[in-house]
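Each chain carries a letter (A, B and C) given by its place in the written order, and its residues are counted from 1.
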Amino acid sequence: MLEQLVDGILWDIALVVFFVGIAWRIVDVIRRPGRNDLAEPRSSGISAAIMANIHGFFPRREISPQIRIHVIAGYMFHLGLLMLLFFAAPHVKFIEEHITGFGWTVMPYWVFVLSAIISFAGLILLWIHRLLNPVSQLISKRGDHVASILVFVVMLTGCMALAESSTGLRLFHRFTVELLMIYFPFSALMHAIMFVPSRAYTGALFGRRGVKL
Amino acid sequence: MATEKNTKSGRMRKAFYFSILSLFIVVALPLIPYAIDAQAVGGNPDNVDKVVALPNPAINLWNNVRQRDGVIQGSSQVKSVDSGILINKTGEDWRRFRLEKLVPYGAYLMAGILGAIILFYLVRGKTLIPGGHSGKRIARFTLNQRTAHWFTAGVFWLLAITGLILLYGKFVLIPLLGAEGFSVTAAACKEMHNLFGPLFLLAVLAMLILYVKDNFFNLEDLKWFAKGGGMFGGHVSAGRFNAGEKTWFWLVMIFGIALGISGLILEFAIFGQGREVMALSHVFHGISALILISISFGHIYLGTVGVEGTLDSMTTGSVDAAWAKAHHDHWYEEMTGESVAIESGETSMQGGMAEGGVTSPGTGTAT
Amino acid sequence: MSTPLERGVEMLKTQVDARVESYFSSCINCGVCAEACLFYTETGDPRYTPIYKTEPLRKVWQNEHTLWGRLSTGLGLSKPMTEKDLSDWEELVYDGCSMCSRCSMVCPVGIDIAYLIRKVKEGLAAAGFVPEGLQTASERALEFGSPMGLTAKSLRAATTALEKEYDIVIPIDVEGAEYLCTLSSSEVVLYSEYIAAISKIFSAAGLTWTLSSKYFEATNTGVQMGDSSLAAQLLERLVEAATELKIKTLISPECGHAYTTIRWDAPNILGRALPFKVVHIMELLEQLRTQGKLKTTCCFDEHLTYHDPCNISRRGGVLEQPRHLLNQVAPNFIEMHENKEMNWCCGGGGGVSSNERAEPLRLKVFNIKKRQLDELNVTTLVTACSNCRSMLEEGLEENDMDVSVVGITEIIADHLA
């Protein structure tokens, strides 16, 4: 019964909430005013918007020493997770069967394990840093902690189900994934998508004035 | 009004316990669906060697099988590690060691130390700061040191729980969950244990780099040991780290690296390790783990309940000056330039201590 | 009669636009912005974390525009906003932020935090939580056209004195002149050598220019305070004065926020493009130099460095011109380690200098400039903003540092061929 629920209706709900929720959030940004600039620009805002999205991945040298842990642990987590999500064999198979209808090359098992180790290390380091640093202690909201813990739980249940030998563990992992998908559009996790318009707006503003973000 | 709940360390304590609780729930959750479906079968009774009155007709065969006079190695068409050994004698030795020595003695060790700590607490109580908090703070651990510590602690804790489930589950959990239910739990724990294992090795190395400087032993540490670390009353001098802390540091280094290396040998069994190497690694792994877990009870006790004002050092990064004077007087002198006078075995409080603010080695606050 | 809280919250609700929505949806509270803010780095106080200063706006956004916010306010589960949620932020936003935008440069998800703080100020101003110094400056600006209370009469008196002292001509109200020079009141009162300098330069370049006695003030306390309607009123007066004189180009003086306000913000505040071009005096000088209309001689020998005023360089885009100009006349010009768009603020922009209550904090955060200068061993600090100039002078004096501060236009004027 649990299997029918998790593999069936709950998955459908999660899928709908995830995609519709994200689309709604994006529309909510675009429909609002405040995107026009009447001042005569020095250079193109559009190319600056694109470049800002690319340059945003590289921290400025002036503050790099102070934000080392953010950058290193941050990339460990995100790149590791990217590899896990999109190149781990069980995931590619799942995406092929349930979402896209086509698959792609998977990474070897040892790369899978390495990505998981790196990703976990990054996530745990980031969360501990968030708890200990006085700045993030002050500004962190409940949603930041919930998001960190939820992502950790999803990854942990995935790890538990790695041997692919138990239906119960697989269902548990899928269930936590569905929870994450439902939580995602209404949480800080939306930064995964919203960073693009944010960097674009700011990049365009500065770019029109001739300053590279 | 700042209540315990509203202070920074109070909130962090809450967050810490909350995270422990949630992780524990996560580990316990796989047990639930299968606990419901589990067969109500208890644990399989162990095969006990029965004493027989009659001589065993197969005694010669069995002696050869047991290879008591040495391992018999042949050759086979399949050429790989240990392919020439038909019957693995070391496996039996290992199984017996595991069941007859490792499991029970490990349990005694853990229970014994836990019991001793509880007894100690009931008799001695919490060690309070003599004279109470002074209100003046001294920076003790940097943000990097604290991050590394909690990272190591979290990973160690996950590995300890999953490892103990793997070692003791057969005896403790099968009666509860049934064999099928336990197999799911064990599979889950094995995967988690294997994933976090390499992380622990990296964590230990990070701790080595960040903490080794003040952890070398000197003559003063002998005096500290002689006086029982002040745990039974009286004052002992110490630098930044006392002899007990240094011992714990080196134990973690030695056994932690032993755990890491033996763990890697066990997990990545694709580099030609034979069964004997694997069995030996497991033995080292188990012994190191049980020792470390047992002594960690002491570390956790002293760092939380046992000694007032200690947890602050690892959560906020700073400690009360009175705590420093009582437990690490030479370090206090280094940090403040004041000297600590000791009268009749107890620390006396010197000078006015009512100001706030943090004394730190450089300029600015501890980072 | 509405309460301050109601006025503030209602104003903040109107401030949520596409950017605000995008920015708050992206923020993951990482705290990287704190490392770029001198108010945090020099005090160690996490309350000066830039994104923390935007809390009033974030709370309104959350309550009005997010699922959890709407659910919990609708069901009465969350604490409603109180007056303290606004009044406690007055000090953080007006004393502890100069709107220098350095935080906007480092945010990993691209949030323009200074933009958000500008909007928070709208809410605080509507609620009446504005520092006294800034409030009185705004009242004077509205009444006299100048935050220091200077009138056309005072301007004429000052220019007459300068004409006599330097044997120059300072045209006022000349219709059809090509350039209209605006001024900040502190230039008239404290650094009038700037006005003499531009007279010499225009004369040497053979260009027609004028001041306006009707409205000469380039600064805008509406922008500093966060009151868009006041900002618009002041700008309308300026645009009217400029249009009446039929000038082609308006020159923004050595003042930081004046440049960003007139060049970049004015069309958006007024809702229309301006009928004239706007350049900063440094842009004009560089333009004239490359056209060959401005010839300079060497040398200003002092070991000097350049302080980039935040609103001219980072938020204004005038980055290379001062370098080119200084390289013509100063062989011993050396850059600070953090410069151009990553310079450190003087601490006095965005209205902080008008706020007496903020003085101790401002002097404390000057330590970053002190460290920058200590690295270099210079005798002179050149800048292009009179507000920066007085903030730097105060900080240097407080720290007993033997460095003199000069305006760049003066140096160029003193080295005309």
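Points to keep in mind about this one:
One rule holds in what follows: a contact is a pair of C-beta atoms (placed from the backbone, for glycine too) under 8 Å apart; a residue touches a chain by one contact, two chains touch by 3 or more.
The structure displayed is predicted, hence computed values, not measured ones.
The chains in contact with subunit A and with subunit C alike: there are none. Per-pair tallies of C-beta contacts place A-C first. If each chain is reduced to the centroid of its CA atoms, subunit A and subunit C end up 37 Å from each other. Per-chain CA centroids place subunit B at a distance of 57 Å from subunit C.
Spacing of subunit A relative to subunit B, judged by their CA centroids, is 34 angstrom. Among the residues of subunit A, those in touch with two or more other chains are 133-134, 137. Taken together, the subunit A residues at the contact with subunit C in this complex read 25, 28-40, 42, 52-53, 56, 59-60, 62-63, 66-67, 70, 74, 130, 133-141, 143-144, 186, 188, 190-191, 194-195, 197-203, 205-206, 209-213. Touching subunit B in their complex are the following residues of subunit A: 2, 69, 113, 116-117, 120-121, 124-125, 128-129, 131-134, 137, 145, 149, 153, 156-157, 159-163, 165-166, 168-169, 172. Considering their complex, residues 8, 11-12, 15-16, 19, 22, 26, 29-30, 33-34, 143-144, 146-147, 150-151, 154-155, 183-184, 187-192, 194-196, 198-199, 202, 315, 317 of subunit B touch subunit A. Interface residues of subunit C, counted against subunit A in their complex, comprise 16-23, 25-32, 34-36, 40, 46-47, 49, 51-52, 65-68, 104-112, 115, 263-268, 271-273, 277, 313-317, 319, 338, 341-342.
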